[in-house]
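Below: the structure, in structure tokens.
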Amino acid sequence: MASVLLILLSTVLVNIIAMQSASRWRPFAALDDCFAAARGLAIASLLAIPILSVSSWLLFHHVLQPRSLGYLRTPAFAALLLAVVPLVELVLRRYSRLVPERPGFALLLATNSMLLGVALLASERWRQWLDALAFSLAAAAALGFLLLAFAAMHERLRQADVPEVFRDLPLSLITAGIMALAFMGFTGLIQEGS
Amino acid sequence: MPFATEAAPHVVAPNSVGRVMRTVLYALAPVVILHWVFFGPGLAIQILLGTATALLAETLALRLRRKPLAPFLGDGSAILTAVLLALCLPPLAPWWLIVTGTAFAVLLAKHLYGGLGANPFNPAMVGYAVLLVSFPVQLLHWLPPQLASEHAGLSLAETLSTIFTGSLPPRLSWDAITSPTALEALRTNLKMGMTMGEAHQFASQERSAWLWIDLAIAAGGVWLLAARIIRWHIPVAMLGAIAACASIMYAIDPGSYAGPIFHLTSGASLLGAFFIATDPVSAATSDRGRLVYGAGIGVLTYVIRTWGGYPDGVAFAVLMMNLSVPLIDRYTIPRIYGHAR
Amino acid sequence: MIVAILVMGGLMALAALSTRAAARQALARQASTREALIERLDALLPQTQCGRCTYTGCRPYASAIAQGEADTNQCPPGGARTATALAQLMGQPAKPVDPHYGVVRDTAWVAWIDEPACIGCTKCIQACPIDAIVGASRYMHTVIAAHCTGCELCIPPCPVDCIEMRPAPPGVSA
Amino acid sequence: MATHADVRRNAKAQAVLLVAVAALVSFGLAGLAQITRERIARNAQAWMQQHLEVLIPAALHDNDLLADTITVIAPDSLGTAQPVTVYRAWRAGIPTAVAIRSIAPDGYRGPIELLVAIRYDGTLLGVQVLRHDETPGLGDAFEKREPHWLERFRGLSLSNPPQQRWSVKRDGGDFDAFTGATITPRAIVTALRRTLEYYQRHRQRLFRDPPADAVAGAAADFERTVAPAAWHSSASGHR
Amino acid sequence: MNASTPARLDSGFGPTVQLLASCPLLAASDTVVKALGLSLALAFIVPTTILSARMLRPWLHEDNRLPAAMMLLAGTTACVERSFQAWLPGLGESIGIFLPLIVANLIIVEHSLEHSAAAAADWRKSMVIAAGMAATLLILGVAREWVGRGSLLHDAGRLFGPWAGALETTIFRVDMGFLLAMLPPGAFISLGLLLALRNWLARRSMTPRTPHRP
Amino acid sequence: MNRSPTGAAAPAAILAYGGLRLSAHKQASTARPLRVASAAQHYVLPLDQHAGAPSTPRVRPGDRVLAAQPIAAPGGALSAWLHSPVSGTVSAIEPRPAPHHHGAPTLSIVIANDGREQRVEPRASVSFEQLAARELCQHIGHGGIVGLGGAAFPTDAKLLGSQLEGGPHLLLNGTQCEPYISCDDMLMRERAQDVILGARILLHALDARHCTIALEEDTPQAEQALRAALSRCHDERVRLKVVPSIYPAGGERQLISAVFGVEVPFDALPAGIGVVCHNVGTAAAIAHWIRDGQPLISRIVTVAGDGVHQPCNLEARLGTPITTLIDDCGGYTPRMTRLILGGSMMGSAMPLDTLPVTKSTHCVLAATALDLRSRTQEMPCIRCGRCSQACPALLLPQQLHWSIQAGDQNALARYGLMDCIECGCCDYVCPSQIPLVERFRDAKTLLSRTQAEDQAAVAARTRFETRQARLAQLEAQRRAKLAEKRQRLGGRPQP
């Protein structure tokens, strides 16, 4: 569980840092504020990750495992992801006011999906595709919440009088550390819940 | 005749940050005194240790950040952080525990973010959570009240030597003198398969001392409310949420869940509601935001202490809601006069 | 092994398909996306139409930014505020206005016509992009200070050099 | 000859290229899988073997423990609703011991996976913790801080100490807990008692089927252990 | 080989990207052994994928850069995972679930790289990247394991084979170390402190250059 | 938007709107009866002492003027008449330091008093009931009447702008929530009948049916006086309403909320919800003008504070130097440190005391250390929320403060900086001693400038596009003509 938490927070950090500091990875066109972009990414992740999780569950349990192709897990997941991410991009561009930008959006969403995918696949205890769906929904929701919270926090931290050497990245990491500390409170809970 | 000018208003209330923090410290004084009466001088020593560390750490941080020392050392916020942290630790905890925790609180959680007023996380709770996840064993050495204990209470010298050497006087052993907190006892007993009635009985042996202390905390809280240092929103929302969760679960299965009274009077519920969740710096801003914030802390506290791995959830709940504060603030900007909702 | 190759190949074919679909959609919407971006950039510009950015007006400059041809720090009338907003919208670090394109004034300036000297040639009227000068042929011309944006375009055409820039009267913010 | 640019612009060619990459990758991977399959199977066996060897001395068996397994399902006794693997030891065709991959479901932070070896007569040969997630520094004392704690169980049985004393001292039993951690020891002790009880009740049926063919077993893939058809513990209900 | 290489490397792979790339790997930096194992994997995966991506680049449309790179990465990673399982089973067991994270990291790295003209330059570049990530991991691993449990290379014997058992070092023996360092919060906080330290060193090395008034 | 609150009998809701209970410090000045200020030698009358455009002088230096003679006419649509307070000669029309410019000079008419107290022939008193509402409003304008509550908004403009269908509800503001200021209290105690008459004139001018005079609970004598005057004239339309003494209950919008239980929308004037609010002093001035033909040439000024020997209320002619008022009150005490025009919360500190009384001068506060409580060391905001609790505009001053520090103008707009009424409540309570109002004032200037710039850009763009369209049309016409001509000449039309 600890690693799921770590991965989740790393994912959030990667997103926020990428959106903040690398213009070519901007996920959305004409969105000047980090919070709005984070919201867009949260929506995209909420779309992509459950789809991916269910489809990969079906793939593993009905295609790969019966044929002893377990070793294809990672590349097969990657290929599925590569099919789903552009679809999400398509849907967002058509049905929402968000305008996904070409390399950035796919890159970040692929990263998110891969990272969360790893976290989800790490535990092989989903016996039903419904389990996988439920867990991925929860994970995507957690990711979305953390993204928004972190983006909002980031905006607040921008105004603070932070010591020079800690400005930006180090402080973001320490914030993530304290967030992880907070979520340590859930240890034991998730185990027993599942 | 020329006069010096200044911007309006020309009068301000005779108030200061130091006065606010000191008021909170005074409100905590009865708690500390009662603690001494029931549990011996351990807490007082911890507070002294914590205060010294806090002031040292504050001085160090201010020096490094090239800020003036006098106004910030005098504001009392670091001392308050140390005192609140000390209140969360077992009175006989080894000295390095409070020192480490306070240093983390002041240096990492406060000054890295820009010092007084800028920290998004409650420093004392960061310090406590660091200690709890790092040194869970040491945090379990709670004492039974002196009066109830068959051993004579520890003398001041014995307490000091225990805190500084980490080992008890030879006549005692940890297993003999420590007793789990009520929450811990309840959890353990339920896990052992006791019925709720038995578990309660077991858990409530040493509760009267704690009830007195709770009373002191509540009195301090009410005083802070009257002094307008805190407002009702956070305590009411937090305690209300805990009570609501506890009542619902108790109604569903009184055999495995304790009732609201137990939850309100055990663990750090009251201390949290009046002194910790109310830390203005890391709490939500508007009244509505503070209701959400307090209720969130209450629900999370209940969830963590009932189903989670750690004995009490206040610290984690506070930190989790701290991280949601900017988000809450974003969605709870109050209606401005003359504007529609 | 054959199955492995088939499965992976099939999945990848799906991926290629959906990537292509998304790319085509992006391409099809490129024009309208760009148009929307230009519109938002244009809305950030001061609309002085002075051309100091080296483009023929504010909108052309906006579209140049959107194309990636122009930098976000070329509009002196907009000053730091415009430059920052443009950079933010483009997801770039903010830069101060490049003095190469002109100085940034911190108070509003407007054109002022020395009316006795004016010969009524109407050249300035033709130059003013926002019709801020009134007057008829061979009659005295006047700048309507409330409308004037201070673009200085009317100054070069005047054959008798009777126009000069002056601080805006109170209540006028160009 | 198509230039790079031609290929870059041609959609079909691009798709083919991507599929080719995928095919290549899977080809390589499949090859590697082929090469490593046996080794990996052996590694897994070796891991289990190591644990088993510690618990069941060579003197006690002449069969391949890994090859002679059965799976049972007994949620109440063995702590999991999943099938549980039982390794059987025979000497000269006479049953000598079993090792049960039992689970202590009520650890402090989740289930604790155990390997419990029991002599045919019902005394404990030993216990190993295969996997756990107990609080580092607290519940994991059996690993580092009190490494002898687990050894204490060797030679005990349901009558030694008596069944009602099979609990930690705090609950009136015979066994020490760790400093500051009672839940983990309690979970392990309880799991051991339940496993012993289960063994006592089902010993006959565990050894009902004759030993598996040693030769066939050694060659078999670990994943597809030749095992008597899984049977369900009648005492503990069905799936 | 020419003087511009480091500069271009910097522009493509600055500290930010390095952080982005290291972040997901934090999960495997709690002990030196895990960090070593992951570094080992990186040392193989980074050059392999970057060089093969480089070979494919001229043929690929911009849109297909991501899919191709991702597939290469996933395949290589799976190979490494499989190899670990076969030849270093202990290590495979303990870092197995983290290996696929490398795919996510390296996608970012690959995307921020400008391929250079000479294959050798690319190879060097990829080795520098792998070394950078490995260094981060190792420093973190040493710091976290040391502070967290007072040992170094704990479990090396079990994971790398008996020969490595001799490397296990116990620096101090207490009931337990500062557990925080081993847990997720410790991962982030240590990396944050590490970065701050780097900033501080960088700033210090900058200062002497400005003329010093007596 | 014409929600008339006339019938609303909502309870005083002001506690829902923050505010502070401050100690009033009014006993010292109300203990002494209202007096007339001594005459001065020179009277200085700034031409822009009201809201709107400056007035245009009607006299020249050297002209002789009589008291109550118009000396300046409205200088625009929104402007006011100005009358000479005394008889004498115009000695100069030149920039003189003025209180509303913090002592900076502004164009003023200076009249040298000849001490003869000659007055223009008072016009025959007008029977206001005979006049149509509009005529009455215009007539009020000729009296130079502006709002005496502080903003000096020309009353005729306000009245004309509030001519509503069915008549608005007239609210007379008799509260004076700011510490030290007691001029309205004194006025109501001593001249209650003037206030009531003014109310009836205003009712007529607005064609209104109801008038509420709002009073604070700590002015019982004024209430008694008003009740007595009311019972004498038996006007059923006029009622009294007592509101809690909470600063800033006297603010127009806050008062409306307290009295009627409704809010004035941020983008509307009170008339938008059917209320017109006037100060009681304004009403009394109107009564003087209509009944006695006396234009606005004097007003009541409170001289208060520990810095004068005998604090009291003085009826002072416009243009009287403040030094004269101070002398009337026995001069400065040795402790005098700061001269404030207005109360302790919103008044401005003046660098000199030679400034003249203007139409908006309601209080001269000669403050000493006893009256002032200066800031100590400013500390960072600890987000304690005291400020937002106190804010009558329901803002979050702490967030405004943060956004100012961050230079985030969007956030400032979102948090409603422009709705701040600069009352100073937040500043007063802040434990961190942050000079919030000062910061807000500066930020407001900045924000309104950027907002004005944005509006200007939109306007320029519209004008530019109109011009482009026009040029394009002209060009099209020219081409069409050319083509037509070519065709007529037999040439082929151009491709």
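Read from first to last, the chains carry the letters A, B, C, D, E and F; within each, the first residue is number 1.
Throughout what follows, contacts are C-beta pairs under 8 Å (C-beta built on N, C-alpha and C of every residue); 3 or more make two chains touch, one makes a residue touch a chain.
Everything quoted here is computed from the prediction, not taken from an experiment.
**Student:** What is the touch distance from chain B to chain C, in steps?
**Tutor:** Graph distance in the chain contact network comes out at 2.
**Student:** Which chains contact both chain D and chain F?
**Tutor:** For chain D paired with chain F, the chains in contact with each are A, B, C, in label order.
**Student:** Which contact partners do chain A and chain E have in common?
**Tutor:** B, C, D
**Student:** Which one of the chains is farthest from chain D, going by Cα centres?
**Tutor:** That would be chain F.
**Student:** If you tally contacting C-beta pairs, which pair wins, A-B or B-D?
**Tutor:** A-B
**Student:** Which chain lies the greatest distance away from chain B when centres are computed from Cα atoms alone?
**Tutor:** C
**Student:** Return the distance between the CA-based centres of chain B and chain F, expressed in whole Å.
**Tutor:** 51
**Student:** How far is the middle of chain C from the middle of chain F, if each middle is the mean of its Cα atoms, in Å?
**Tutor:** Centre-to-centre distance between chain C and chain F: 41 Å.
**Student:** So what's the Cα centroid distance for chain D and chain E, whole Å?
**Tutor:** Using C-alpha averages as centres, the distance is 34 Å.
**Student:** If you look at chain C, which of its residues touch at least two other chains?
**Tutor:** Touching at least two other chains: 4, 7-8, 11-12, 15-17, 19-20, 23.
**Student:** Of all the residues in chain E, which ones touch at least 2 other chains?
**Tutor:** Where chain E meets two or more other chains at a single residue, that happens at 63-64, 66-67, 71, 74-75, 78, 82, 175-176, 179-180, 183, 185, 189.
**Student:** Pull out every residue in chain B that's touching 2 or more other chains.
**Tutor:** 108, 115, 118, 130, 133, 135, 137, 309, 329
**Student:** Going by the touch definition at the top, which pairs of chains touch each other?
**Tutor:** The complete list of chain pairs in contact reads A-B, A-C, A-D, A-E, A-F, B-D, B-E, B-F, C-D, C-E, C-F, D-E.
**Student:** Over in the complex, which chain C residues touch chain F? Could you list them?
**Tutor:** 45-49, 57-58, 81, 129-132, 147, 149, 173-174
**Student:** Touching chain A in the complex: which residues of chain C?
**Tutor:** Chain C reaches chain A through residues 3-4, 7-8, 11-12, 14-15, 17-19, 21-23, 25-26, 29, 33, 36-37, 40, 85, 88-93.
**Student:** Within the complex, which stretch of chain E touches chain B?
**Tutor:** Result: residues 175-176, 178-180, 183, 185, 189 of chain E touch chain B.
**Student:** For the complex, which residues does chain B have touching chain E?
**Tutor:** 108, 130, 133-135, 137
**Student:** Touching chain B in the complex: which residues of chain F?
**Tutor:** So the residues of chain F in touch with chain B come to 17, 102, 179, 253, 257, 263-268, 332, 337-340, 342, 344-353, 365, 367, 371-377, 379-386, 388-389, 392-396, 398-399, 414-416, 419, 424, 427-433, 435, 437-438, 441.
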